[in-house]
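Chain nomenclature is as follows: A, B, C and D, assigned in order of appearance, with residue numbering initiated at 1 for each chain independently.
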Amino acid sequence: MSNPSQTTEVQDFEPRIVAFLCKWCSSAGSDLAGVSRIQYSANATPITIPCSGSVSPMYILSAFNKGADGVLISGCHPGDCHYMEGNYLARRKLYLVKELLQFIGLESDRFRMSWVSAAEGAKFAEVVDEFVEDLRVLGPQNRLKAER
Amino acid sequence: MVNVEEIRDYAAGLLEKGEVKSVLGFRRGSASAFAEPCTITNVGEAASLVWDPTCLNNLALYLVKDRKQQAVSKTPDTRPVGIVAKGCDSRAIGVLLQENYFKREDVVVIGVSCEGTGVVDPRKLSAKLKGRTASRVTFAVQGSTSVAGGRTPGATDGADGINVSVYGDETETVIPAREVLADRCLECRAAAPALNDVVFGNTVEARDFNEPFHAAKEAERLSEDERWATWERHFDRCLRCFACRAVCPMCYCPECVVDSTTFVVTLGTSAEEKANRIRWCERSANTSESAVYHLTRAIHLAGRCIDCGECERVCPVNIPLRLLNTKLEKEAFEMFEYQAGHDIEQASLLSSFRDEDPNSFIR
Amino acid sequence: MEKILRQEKLREWVDTLDDCEVYAPAFADSVWNFARVEAGTDIDLSHTNTIGSVKAFTFPQREVFFRFEKKDGVPVLTPTLPDPKPTVVFGVRPCDGRGMPRNDTVFNKEFEDPYYWARRNKLTLVGLACNQPHSPNCFCQSVGGSPHAEEGLDILMTDLGDRFHVKGVTAKGVEAMERGRDAFDAVSDADQTEVDKVHETSRSYPQRPIGDLDAISEALRESFDSPLWADMAQHCIGCGICTFLCPTCHCFDINDEVISPTTGEGERVRTWDNCQFPDFTMHTSGHNPRGDLGSRLRQRVNHKFLYFVENHKTQQCTGCGRCITECPVGIDIVAVLERVGQS
Amino acid sequence: MTDNIYLPKIGRIVGIDEETQGARAIKTFKVEFPNDDGFEHDCGQCAMLSMFGKGESMISIASSPLVKEYKQFSIMKMGRVTSAFHAAKIGDFIGIRGPYGNQFPLDDWQGRDLVFIGGGVGLAPIWPVIQTAVARREEFGKITVFYGARTSSDIMYEADFERLKESVEVQLSVDAPEEGWSGYTGFVPANLMDKAPPPDNAIAITCGPPIMIKFVIQNLQALGFADEQIYTTIENKMKCGVGKCGRCNVGKDYVCVKGPVYSWAELKRLPQEY
């Protein structure tokens, strides 16, 4: 079948990012970036989640399976979790996910985590922009993408 | 060295005194020189128990199975179960206790120390025998390589290697243990079961094989592209027979999140529940779907895998699945000072954290 | 047609099949499996038996039946019938060869399966006789086969050390031999004597006995409700190894794989399925006619030694022994039959 | 090139009737073949219906073989595919392949009394037989139709029943009667015993929930029906519909090919695997 990301010329390549954003911080941070008229890449599809600790590794694997070029998970800074410790649990769990993905040879730049508070609209924009630039260099993600 | 007669006597004693309803152990199989699991329920059957380097299975799986049967039985038999357990198997029991799958008093752990050796990897043995098939595999005992000549008290199992005979030629060849032991045994840090009600055999501290996590560390050394080339090949040839999951004592979920073959449906399950169930990966055995399956399984076992190596042993196409698990256990150990199955009181790896957990990977 | 092929001429013959995809056993990741033979490489026929059976050439693990999409609100279906190049598989053991006509029966009986036949019609099987059993679990002779059975094969090769005896069994096989005719020599009387002797010797090795197959079928019929099944399946873990490796197990599942929920694009896909999985027979209501491992083991054994016999007058087992050797917990179909027979 | 047995024909839903509501709702769908590639079927046969993207489900063809313009299916909401059907609207497209399975041997029953006993959605598989028997009314003796539902509002094909009463005896029952219910109150097997149709020269055809079938057969035997005089249908999980995928077998029989219609005499010889 035709695979859009494979047939696209690399220079036209627009990375697709799935961004899981904590509703208490990063989601608001991304909104702030928007209302502050900060210019940043529109490549991220945001999915608001209750807490970075609620991210199942399956979400990440599923996003890659469905063709995401990069997956971003963004939560509250350590100490700021609305549920006290969700982001600490996320940090440990997602560290292991990151290690596992690297271990099987997925390009390490494709999975990223950030702490972005509701006030850090500019940081959110930076995180996304940097991610997009790094993914542009890597090109389309084909390793875990479904072959349908 | 382990005297199998003592195991038999102990098992018979448990059954005779009615302390257990059954004993899980190993017996000679009909199919090959390798032992097979057995469940004995009367004293007379205890004589069929064996202990040798072909006792590969992690029998803790059948404790889980027993628990599941009890859950659906109208008249569950809740008496304890005796189980012959190697070091790794006892750690599996430890994790199940930690997770409250059953209680300590539900199980009588008949510990068996692998001493200075372990169990055989059938593929390594087969390669070593150049296609011939082993008819008999025993521990070579230090100071007494001949089994027929009787065993020397105080001797250690396996330090001299593994005795192997092949079909059609009953002369025994001693193969150095290092060459035929399963990888997990070469990397084993606790060959004697720490969790036990009784232990047969000695604890051997100096096991001169591989460092812990050796194979995972080797695999890490490859470049990113080499790693992917390797794992792509592995995922690609996966048959999705689910033997790795079926054989794992930690994969006890009644319903596995990644596939439909175990979807639990009762007469009360609504049409909506059935219709709306997420298919995280498809049933097709291709690289992408098998990757989702294996990676999900690996993550679900993080901090729970006690490295019995069963997943890797049973894989018919020899995918080194153990690497995924030991990689994560290596991280757990190095970054979080966590060892699965070592402390049944500790909080699980993923339900705990420390302030000093790695943070530098986060932007 | 019978010929002699010197070991060093094997490649010369294979090279004449240049418009075909050639497969042969290869040892990779510590297992023998069929792999594509790249042009100009040698074939290693020193294998025992491949871990996967030859069935995957006609019944792949994943077969897309058709693609579906919506155009102007109307579903449009595009069938994806395979159109493979002619495919020649070397090193097929006679047990796998005998599996093929059994699968032909299944995919041909009331309704012809076009996906299976699109692949099957392009397939040539080059067998290799077993000069000795490669596993103590071999039992081809106990189920009506032999280490040099020709059934299902297009060509049978017999290893005579420095050379092969090569026999064209079917027209397709003879044609493949004709193409490489320059590589072959005539069969001398001495060659014939030797091949006969090798075959005779190969039959003389002890194999796992089953006994009277009719009596086994009868015993299975009588044992349907026997408590033996639960007992024999006591340690079964319910994985798919036995059936997925089997040369004659053909059960499958059909699912829709959605590519885009927004456009309604997707594929209808056949994948291997397995009578040992709990959901295999489970009704949507949750009711399961074979809800326990004992009844599933019974189904596997009965299918091969009772139902298939009743429907097609032959066993659906060719004695390759894979299900025995690879079972993680020692479930042994020959021992199962023995116990049922004795009960 | 042979026909592709896995490639469905396209059907269009032209009518939807809500038969019953609740957790196990039943809807009846009328399906036409917009490409004029429809097929003929016999009484008792099934078809594999698709909702593309959801999958396939084997459903009894509930319309009479004499009706050529459309096929009718009564579908209970049970899982992924059937829920998709229940969410469908008139004009929606489905996939349909078939017909599959055997048929009720109606021709063998000429001159005999016919007793139909249905419960719930189990009326659907025997409905085409009833319709055909009525259309060929003079070929048969007395025809009686027993049918039971939970409440009067759960009675399927209600309008058709009114017409049916003109030519055959109809015995309706409900488990939970409302005010004004004039039929029998109680379960179908009890109603059957109450009316006690004579077994002489009669054939009984039953379909419904497994527990109902079990008691209906017990009661038919008590009334003197021989095993050869009792017919029912069985169901098992199916995927291919063409005797290959290996899951619907009862003993040596693949129900999708050899079934779903069995006489009790035949069924007794098969193992209990359904």
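Here is the rule we go by: a residue touches a chain if its C-beta (ideal position, glycine included) is under 8 Å from a C-beta of that chain, and two chains touch if they have at least 3 such contacts.
From a predicted model like this one, the values you see are computed outputs, not experimental measurements.
Student: Determine, using the mean of C-alpha atoms as each chain's centre, which chain is farthest from chain A.
Tutor: D
Student: Identify the chain whose mean C-alpha position lies nearest to the mean of all protein C-alpha atoms shown.
Tutor: Answer for the innermost chain: C.
Student: Would you mind telling me which chain pair, B-C or A-C, is linked by more contacting C-beta pairs?
Tutor: B-C
Student: Let me have the rounded angstrom distance from the C-alpha centre of chain B over to the C-alpha centre of chain C, please.
Tutor: 31
Student: What's the distance between the Cα centroids of chain A and chain C, rounded to whole Å?
Tutor: The answer is 46 Å.
Student: I'd like the Å distance between the centres of chain B and chain D, where a centre is the mean of that chain's Cα atoms.
Tutor: Measuring from centre to centre gives 51 Å for this pair.
Student: When you check chain B against every other chain, which residues touch at least two of them?
Tutor: 274, 282, 286
Student: Touching two or more other chains, which residues of chain D qualify?
Tutor: 54, 78-79, 82
Student: Name the touching chain pairs, please: which are they?
Tutor: A-B, A-C, B-C, B-D, C-D
Student: Would you pull the chain D residues touching chain B in the complex into a rising list?
Tutor: It comes out as residues 23-24, 54, 77-80, 82-84, 86.
Student: Enumerate the contact residues on chain C facing chain D in the complex.
Tutor: Within the complex, chain C touches chain D at residues 65-66, 68, 73-75, 77, 79, 81, 106-107, 109-115, 117, 224, 250-256, 258, 261, 264, 266, 268, 270, 273, 275, 280-285, 287, 289-290, 295, 299, 302-303, 306-307, 310-311.
Student: Inside the complex, what are the residues of chain A that reach chain B?
Tutor: 57-58, 61-62, 65, 78, 85, 88-89, 91-93, 95-108, 112-115, 127, 130, 143-147
Student: Sort out for me which residues of chain D touch chain C in the complex.
Tutor: Residues 1-8, 10, 50, 52-56, 78-79, 82, 93, 95, 210, 235-237, 239-240, 242-252, 257, 271-274.
Student: Under the definition above, what is the set of chain B residues touching chain C in their complex?
Tutor: These residues of chain B touch chain C: 29-32, 34-39, 57, 61-62, 123, 127, 131, 133, 135, 167, 233-234, 237, 239-243, 245-247, 260-263, 265-267, 269, 274, 282-286, 310, 313-314, 316-319.
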